[in-house]
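Working notes, structure below.
By letter and in written order, the chains are A, B and C; residue numbering begins at 1 in each of them.
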Amino acid sequence: MNIINMAWKGIKTDFRDIRTLFFMLAFPIILMLVLGTALSNAFTTTLPIDDIDVLYKDTTDGAALQQFIQQADQSGIEFKKVTIHTDGKKEVKQGKYTGYVEVTEEGVELYVNSGDSIGGNILQGMLSSYVDKYNISSEIMKVAPDKLEQAFSGGKQTNFIKETSVNPTKQPGSMDYYAIVITSMIVLYGAMSSSSLIVGERVRKTADRLIASPVRKSEIFIGKVLGSLVSNSLCVLLVVLFSKLFFKANWGDHMGLVFLVLLAEVIFAVSLGIGVSFLAKTSAAPKVIIMLFVQLSSFFGGAYFKLENPEGIFKFITDLSPLTWINSALTKIIYANDFSAAIPALTINLVGAILFLLISIVSLQRREGL
Amino acid sequence: MNVLEIKNLTKKFGDFIAVDNMSLTVAEGEIFGFLGANGAGKSTTINMIAGLLRSNDGTISILGKNNAKQSRFAKMNIGMVPQDIAIYEDMTAYENVKFFAGLYGLRGAELNERVVEALEFVGLQDKHKSYPKSFSGGMKRRLNIACAIAHRPKLIIMDEPTVGIDPQSRNYILTSVRKLNEMGCTIIYTSHYMEEVEEICSKIAIIDHGKIIAEGTKEQLKSIITNTKDVWIEVKTTEKVNLAAIQDINGVEAVSVDENFIKINSDTGVNNLNKILEHFMNSHIEIRSLQEKAPNLETVFLTLTGRNLRDQ
Amino acid sequence: MEFWIIFTKLTLILYIAFQSVQAHISHISWIVLTILLYFCVNITVYLFKNSIIKQLLLILSMGLSIWAYFVVNPVFSLLFPLSMVELAAGLTEKKWVLLILPLVPILYIDEMLRPLYGLVAILSFMIFTFTSTYSRICLKNEASLDAMRKKLQKVTKDLNENTEYIRQSEYTFKLEERNRISQEIHDKIGHSMTGALFQMEAAKRLMETNQPKATELLQNAIHISKDGIENIRMTLKNMKPPTEQVGIHRLKLLVENFNTKQSIKTLLTHEGNLDIITSIQWKIIHENVMEALTNAMKYSHASQVSIDLKVLNKIIRIEVRDNGAGTDTIKKGLGIIGMEERTAALNGKIIVDSSHGFSVTTLLPIPS
């Protein structure tokens, strides 16, 4: 009964505190909105490319190249005939033009600036397909000129490049991604409020009152932890539901499991806060330590931007962040229906939680008062 | 029955001995004052009684039951008013009292009744829905008391309950202490304000360096130093004064004349001021001023320890 | 301790026995022999007090387990670690050596047996360390208990002797006093009384015949009697010397001595009626002041010490205060504890304060 009393008091005051509410509810929602919209480019598969300017020199008399130029023009590639005074290769070298094409009787030579690799690649691809087509047509001309028309009856090929993604699985959009990572980050921030659960009582001197009352230390401790768990969980629940309803974030079809993983993280965060507050000597230190830990975890866990396939030492560092595990577990559950991904995340969080709780309990037993 | 019995209590913080082999009994119905300078060991003693600190040696019994063995019983019967204001700023006055009273197992209608009672007692019933943020120092102190009395403890421990508040709130608190005492509570009151202790306490222990150096009623304490007081009467002229007649008044030990002052040394146990004044009136001697120089607790403390109460 | 080590060894043997029986080993007789040998060697270890023999036996026990590992059954290697730990413990204090040494063979033994061997080695180390640590603590406690018991005995004896001594000296003192009084009475009062008596007898005879002479003799007798009475008064006065003078004079003497011998200036002030201080109180005052002065001389680096003796209404207060640096925390040394004990015998209190210089205040109640 005392435990429930303690917990209920904690929940009540948590939800009454404007700062907590802002931090736990408004802050993540705003952050989702800002990051989700501002960084949406990082998640689209299209890539805008400016017009490509190309110099060319045609020493043949064929009309074939002109035809290609006309068509390429429609795709935003502008061909310009080189004048006598200009040196095409030099112009490309200086980056004024994306490429320089020299067409002679021997063949086509293309010079591109390696600095503009995308433009160069496109140019190269288009040109090679043009050359292939030209070669074919010239072969046909040699063998059966009358069939030429027929061979190209497919119309004038305008799409010289057609890209097909080799990885067609569903990928999160920016809002989906940030809904996940910000939620998991804000859960970790729960450690901030839980770090003052016991220390706060000491600072406010109410610890003396609690100890003077017939309530056992263990009841106080359990009640406090329970209250913090419940209020943090409620905040997370609200954030998740809000992002789902208003931002249309994709939380997948297995909300139960998602919440389970998040709950494990809540437990970890609350225990972390309490544990650190017992380890630190002063009352201000825990906040600083937790702030640093959460910031680093958030950074390496990809809360601010996605870290693509880290390797080596960098991978090791990202693996140290609990958020990495939670985020990957959540992503796998939501996008790949991979339930087994939840297991490492749950394990890591719960083991960490038990560790910090043990530290707290041991030091609570040792000290006089709270 | 003795509400509190302390035997050979010792508390060390490292090398520092905060409480040194202290023994003490507080009988039911007393307002027992702990008088001592800052750091004399008052708060440490109180914190051990309330179960906030563990003692290194010695025993504490509340209502005859050992504190260490039956801590729940002890805690149920103690109301602790800590030195620092210990309330939650983010809960209303009512919620504060209710929360703390709830820790003592009170529930439902009874809880509500007791909370209202406690708030009324300290005069905060009108403010029960306000947050302590808006309270003055004195109101916070009163709320601090309300939080400790709602469960109707037999023994109320008040650790410097009047630090840093206005005289009005202070008087209010002193009156409440007396009222609580009349309602049957035994009270332990610590202060380094000698006047307060002298005013309300029925028994006083002077504590210094973790030891009780003197204990008793205020009269007993004062009589440690001397049994006499000095009455200085300033007169217009000393011609008509009959020293022998004054000397004959019951209780007068010595009389002397110093310029316009008649200095009378008299037994504190005898109320003879009326008779002395009567003598002056009957002899038609004009009195200009009168000073009574009786020893107070401050003098007792100063004489015994060689230091002032408020020395650091 | 030995019991638990033997018990552990028995457990290991039992395990090996079970293991062997379950594995249906053919040469069971060899196993039994090995176990018996091991048993004998290890029991013998505890029979000898000599540490060299003990070590030799332990080496034998280790050799036996190595031999049994190769020849009889690999499982016998499990007996090795505990003997190793025991042997090593006799040679070094370092805990990590005790852990590492028995673990070394793990590199060489049968791969199948390694985890089990590791477990046994670590457990052996732990059991040995625990039991030896706790038995050492036990021994230490017992020793201190013993010492305390002896001390208590001595103190009780001293107490008894002292009581006897006090009784004896009281008797001697009474005897001496009686002698002195009878001597005085005999020497002075006796003589004058006899003289007066003679004079009065003579006066009685001369009363009729020579009245003026008789009056003269009577006058003489009166004089002699007066002297006698004065003598009695003097004698009684000599019997009871003024304690006040003795007390305060002794204290003054102490201060003077201190002043001449030490560089610290010492001041003695007193107020109130010194008459009511009893001699036992004077004794404690004197001892406490001496102790406090010694402390001041040793630790205070002060230039001045003041001793203030006040007789109040219900309390005697003696403060010895120096103008030195004082200390932050007062560590109660034997000196202060001694003062406390002495003072407590008269229901008094000691206050030690170091906020303004260092001061020791003795408060003694005046019994009503």
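Basically, contacts are C-beta pairs under 8 Å (C-beta built on N, C-alpha and C of every residue); 3 or more make two chains touch, one makes a residue touch a chain.
The structure presented is a predicted model; accordingly, all values stated were derived computationally and were not measured.
Chemist: From the C-alpha centres, identify the chain that is farthest from subunit B.
Modeler: That would be chain A.
Chemist: What chain lies closest to the overall centre, CA atoms only?
Modeler: B
Chemist: Measuring from the mean C-alpha position of subunit A to the mean C-alpha position of subunit C, what distance in angstrom results?
Modeler: Roughly 74 Å separates the two chain centres.
Chemist: Between subunit A and subunit B, what's the gap in Å when you average each chain's C-alpha atoms?
Modeler: A distance of 66 Å separates the two centres.
Chemist: Could you state the distance in Å from the CA-based centre of subunit B to that of subunit C?
Modeler: Comparing mean C-alpha positions, subunit C is 40 Å from subunit B.
Chemist: Going by the contact rule already set, what residues in subunit B reach two or more other chains?
Modeler: In subunit B, nothing touches at least two other chains.
Chemist: Tell me, which parts of subunit A touch subunit B in their complex?
Modeler: 2, 5, 9, 12-13, 16-17, 204-215, 368-369
Chemist: Tell me, which parts of subunit C touch subunit B in their complex?
Modeler: Spelled out, the residues of subunit C in touch with subunit B are 310, 312-315, 317, 319, 321, 329-332, 349, 351-353, 355-356, 359, 361, 363.
Chemist: So in the complex, the part of subunit B that touches subunit C is made up of which residues?
Modeler: Where subunit B meets subunit C, its residues are 14-17, 208-209, 211-214, 223-227, 303-307, 311-312.
Chemist: Can you name the residues of subunit B that touch subunit A in the complex?
Modeler: 47, 50-54, 71-72, 75-76, 78, 80, 82, 84-91, 95, 99-100, 102-105, 147-148
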